[in-house]
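For reference, chains read A, B, C, D and E in written order, and residue numbers begin at 1 within each chain.
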Amino acid sequence: MSVNQATSLTPPLISVTNLTCIREERLLFDQLNIEINAGDIVQVEGPNGSGKTSLLRILSGLSQPFEGEVFFNQQLISQSREEFHQDLLYLGHLPGVKGEMSAAENLSFNLTLQGAPNNAVNIEKTLSAVNLTGFEDSLASHLSAGQHRRISLARLYKSTAKIWILDEPFTAIDKQGVRALELLFKAHIKQGGCVILTTHQDLLTFEPEQVKKITLDYVFD
Amino acid sequence: MWKWLHPYANPEVSYHFTGKILPWLGALATLFLSIGIIWALAFAPADYQQGDSFRIFYVHVPAASLSMGIYFGMAIAAFTSMVWQFKLADASAAAMAPVGAIFTAIALITGAAWGKPMWGTWWIWDARLTSELILLFLYLGVIALHNAFEDKNLAGKAAGILTLVGVINLPIIKYSVEWWNTLHQGSTVSKLGKPSMSIDMLWPFVFCFIGFALLVATIICIRFRSEILTRNSIRPWVRTLVSEHLSKHIAQEKNNAI
Amino acid sequence: MSIANLSYRAVFSLVLKRDLTIAMRHKDDIINPLLFFVIVVTLFPLGIGPEAQTLSRIAPGIIWVAALLSTLLSLDRLFKSDHDDGSLEQMLLSPHPVFILVLAKIVAHWLITGLPLILIAPLLAVLLHLNEQSYGALMLTLLLGTPVLSLLGAIGVGLTVGIKKGGVLLSLLVLPLYIPVLIFATSAIDTAALGLPYSGQLAIIAALFIGSLTLAPFAVGAALKVSTN
Amino acid sequence: MNPRRKKRLTIVASILIGISVVAGLVLYALSQNIDLFYTPSEITQGKKDSGVKPSIGQRIRIGGLVVPNSVKRDPDNLKVSFRLSDMKMPIIFDVSDPMITVYYEGILPDLFREGQGIVANGSLARGPAGELRIEASEVLAKHDENYMPAELADAAGKDYKKLEYSDKQLDSKN
Amino acid sequence: MQFDSFSAFLNMGGYGFYVWLSFGVSAALIAGLLFSSLTSHTKVIKQIGARQQRENKLRQVRKNRQNSTTNNPNEETQ
């Protein structure tokens, strides 16, 4: 199953061949083929337990599939790990925020680890972009779950990575925040990036035909 | 070089192949073991020093060397699976671990039962015994790790890492205990003169050793087949095999009822 | 692209600084294993009897076993909290090699748990009437041996971090790996008490240290990839 | 050199250096004599390389050969004493050989016999005449890896009788 | 034959307890291992069979549902 084959002149950013995934002896998906190009926004859909998170984790290289390969720029991701991870930003269910560090410290560490440029001034700016003005120096353990999520989403504003893989980015985010994020996605794909995400909400700022969909369902054969 | 091995790397082929050789392995193991054990217990001469307690030798030594051998095999399997992503190797390693653990336990228990009358103690913290005990712990760790993961493929990989770390650890432990507690000071504390084992004691040992080795191979084969099935449960060939097996089973039960 | 090319040293110090900051703000991590160490050591004279001769004979064993157990107790923190809040995922997905991050975390763990232990050990040795000739050996073996405990322990934590009830399993996996350190360390201290040279044992502990320093980070990296799968 | 190559080279080089340092340390350790094991001559004359002698009252482990005809057993109880000498071939002793007498109370292992190597754990003490002796708490005999039937052992002139204990001796323990 | 009588065989020159303990424990452990290996094979087959049946049932339910709504039966659509 391919998402977009129209622009076959430029090689796809990510391509997946014959992907099979088994979790707890259950077949989640079988022989999946996907191509994702620069400028794509891809929404992975499916009922609970259909393997959405597993697919995103396999795409990001965190999990190994039962069978099949994931390519980045036509190279196996296991063989071009450093290049791939330099161009990848993955946000999972867990925000990856340490309670013992302040919001600013958390963001600064995550950005530096990822190799994104940052200094005290633009950290403050970035945090204000996700509505955390005034919370820069409070320890993350004093903040709410939604604020944790926003600390981790703040990285999107400074990210130099082309590929964004986001697992339920809108949970615990208010309507206004969702809108801001969608605008951010739009800017990102315009710059030649791609976004792969799971969400139960519809992406309102996008035209329906603009969003590529991958629908997962229970498979038995 | 690996080409000729390729057909056996297929789970289906190896499942059927092991199924074919299994009865032969079992029969040979029974043959060798029954000859060996009866010979060892009733016909082999008693040792001049140790009397009849020496007969424990015929279980103890094969069990001890097989316990090491199985671990070595497991390590090779772990290595192959790590380097060549060879899934059957994981299955075989998982099949070997419990067998190795049981044989290590046998070596330890028979060793203790032999040591009590001979050395005057059930247990000595010497190099061989301690490293054998650590070997048992390593086996138990590997088994526990296998059971701790739901996903059998992950379990295999995790256990493989532990197995390889253990391989480095075993000689270190053996050596460390030799230094720490020098009861086995090689040539100096052993008896002088070198009479080798007499031939009528050696033959039953050969039979016992081959018999135990074949028995180990048989049990590993049985377990290996179950491991292949669990790891390939979504494959069509397993599906047909299972449904055939179950329908046969049901038919048999009906026959029994009539 | 060029921005992400942080040198290994920069990545190492970044992670090290982060872990130390967290530990300093969460002092339980430093104090609890240390308290455990002290309490275990003081339990022995109560259990065995205060006879100085007996105590001095078993002092090396007591101190080392207690060090081993307190390290085991603190190991859980090494990757567990990072795994639980998702930062471990982010580290595995960073463009830097995993072993360098792992090494930084292990060094931080040793600084937090191993170093205080070494500093307090001579005081406890006094309580246990350790032979006077043995203090040098005790300090040297602890200095070379406790990093080995952190390094080997990290392999065990790496393997069990994704498992819900990994605590007991961890000790089953790790304690057998600790045995060589225990044996050589106590042997060195005992030999020192007899006034004999113990450089042989010390060399072996050093070899264990260098060996695990070079190989363990890779094993931990592989283990983490498996258990966070 | 491109930076990626350089990084890879650093990794490989540091692993190689690490492994060679390990090898060097192990070789050094092997060249050192490590043992907590005293032979009778080392107790009287000190360790060969360091000259260290064990002191009175110290717990030590001694290993040596049971000198033939030196085993003395008390007919009424399990007390036994025997002399140990350094290992040597052939088993012929003269007065000048360093020997240490070991005192022990308890049942000796079946493999204990004269001319055999044994290990005893105990403490070093001074006897009434001022001579050094070992008061053993444990006597361990090692079996060798040679097995043969009794007939062959007879032919080879091996002494293979194990010690017998009378009821009186066994009772004395209680 | 090394032994004159059956009782001598059992006695094993005074080492009967140790010899028979060794052989007995070994035999019991190996028998247990063999038994568990054999039963685990049939257990695995039964487990896979049970799962197969459960999935067949689920598939049936889905087919019925799809027939009633006459949807496109493709599992993954664009």
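Just so we're on the same page, a contact is a pair of C-beta atoms (placed from the backbone, for glycine too) under 8 Å apart; a residue touches a chain by one contact, two chains touch by 3 or more.
Since the model is a prediction, treat every value here as computed from it, not as a measurement.
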Smallest number of contact steps required from chain A to reach chain C: 1
Most widely separated chain from chain D, with each centre as the mean of CA atoms: A
B-C or B-E - the one linked by more C-beta pairs in contact: B-E
Euclidean distance of C-alpha centroids - chain B vs chain D, Å: 33
Inter-centroid spacing, chain D versus chain A (mean Cα positions, whole Å): 67
Whole-Å separation of chain centres (CA-atom averages), chain D against chain E: 49
Centroid distance [mean C-alpha coordinates] between chain E and chain C, Å: 41
Overlap residues in chain A, where contacts from two or more other chains coincide: 25, 64, 82
Sites on chain D at which at least two other chains make contact: 34, 36
Multi-partner residues of chain B (at least 2 other chains): 45-46, 117, 151, 179-180, 230, 233
Footprint of chain D on chain B - complex, ascending: 45-50, 54, 57, 117-121, 124, 179-185, 188-198, 200-201
Chain C residues touching chain B - in the complex, by the definition given at the top: 152, 155, 159-160, 163, 166, 169, 172-173, 175-177, 179-180, 183-184, 186-187, 200-201, 204, 208, 211, 215, 219, 222-223, 226-227, 229
Contact footprint of chain C on chain A as seen in their complex: 60-64, 82-83, 85-86, 88, 90, 92-101, 105, 109-110, 112-117, 139, 160
Contact set on chain B toward chain A in their complex: 150-151, 153, 230, 233-234
Complex contacts: residues of chain E adjacent to chain B: 1-3, 9, 12-16, 18-19, 21-23, 25-26, 29-30, 32-34, 37-38, 40-41, 44-49, 51-52
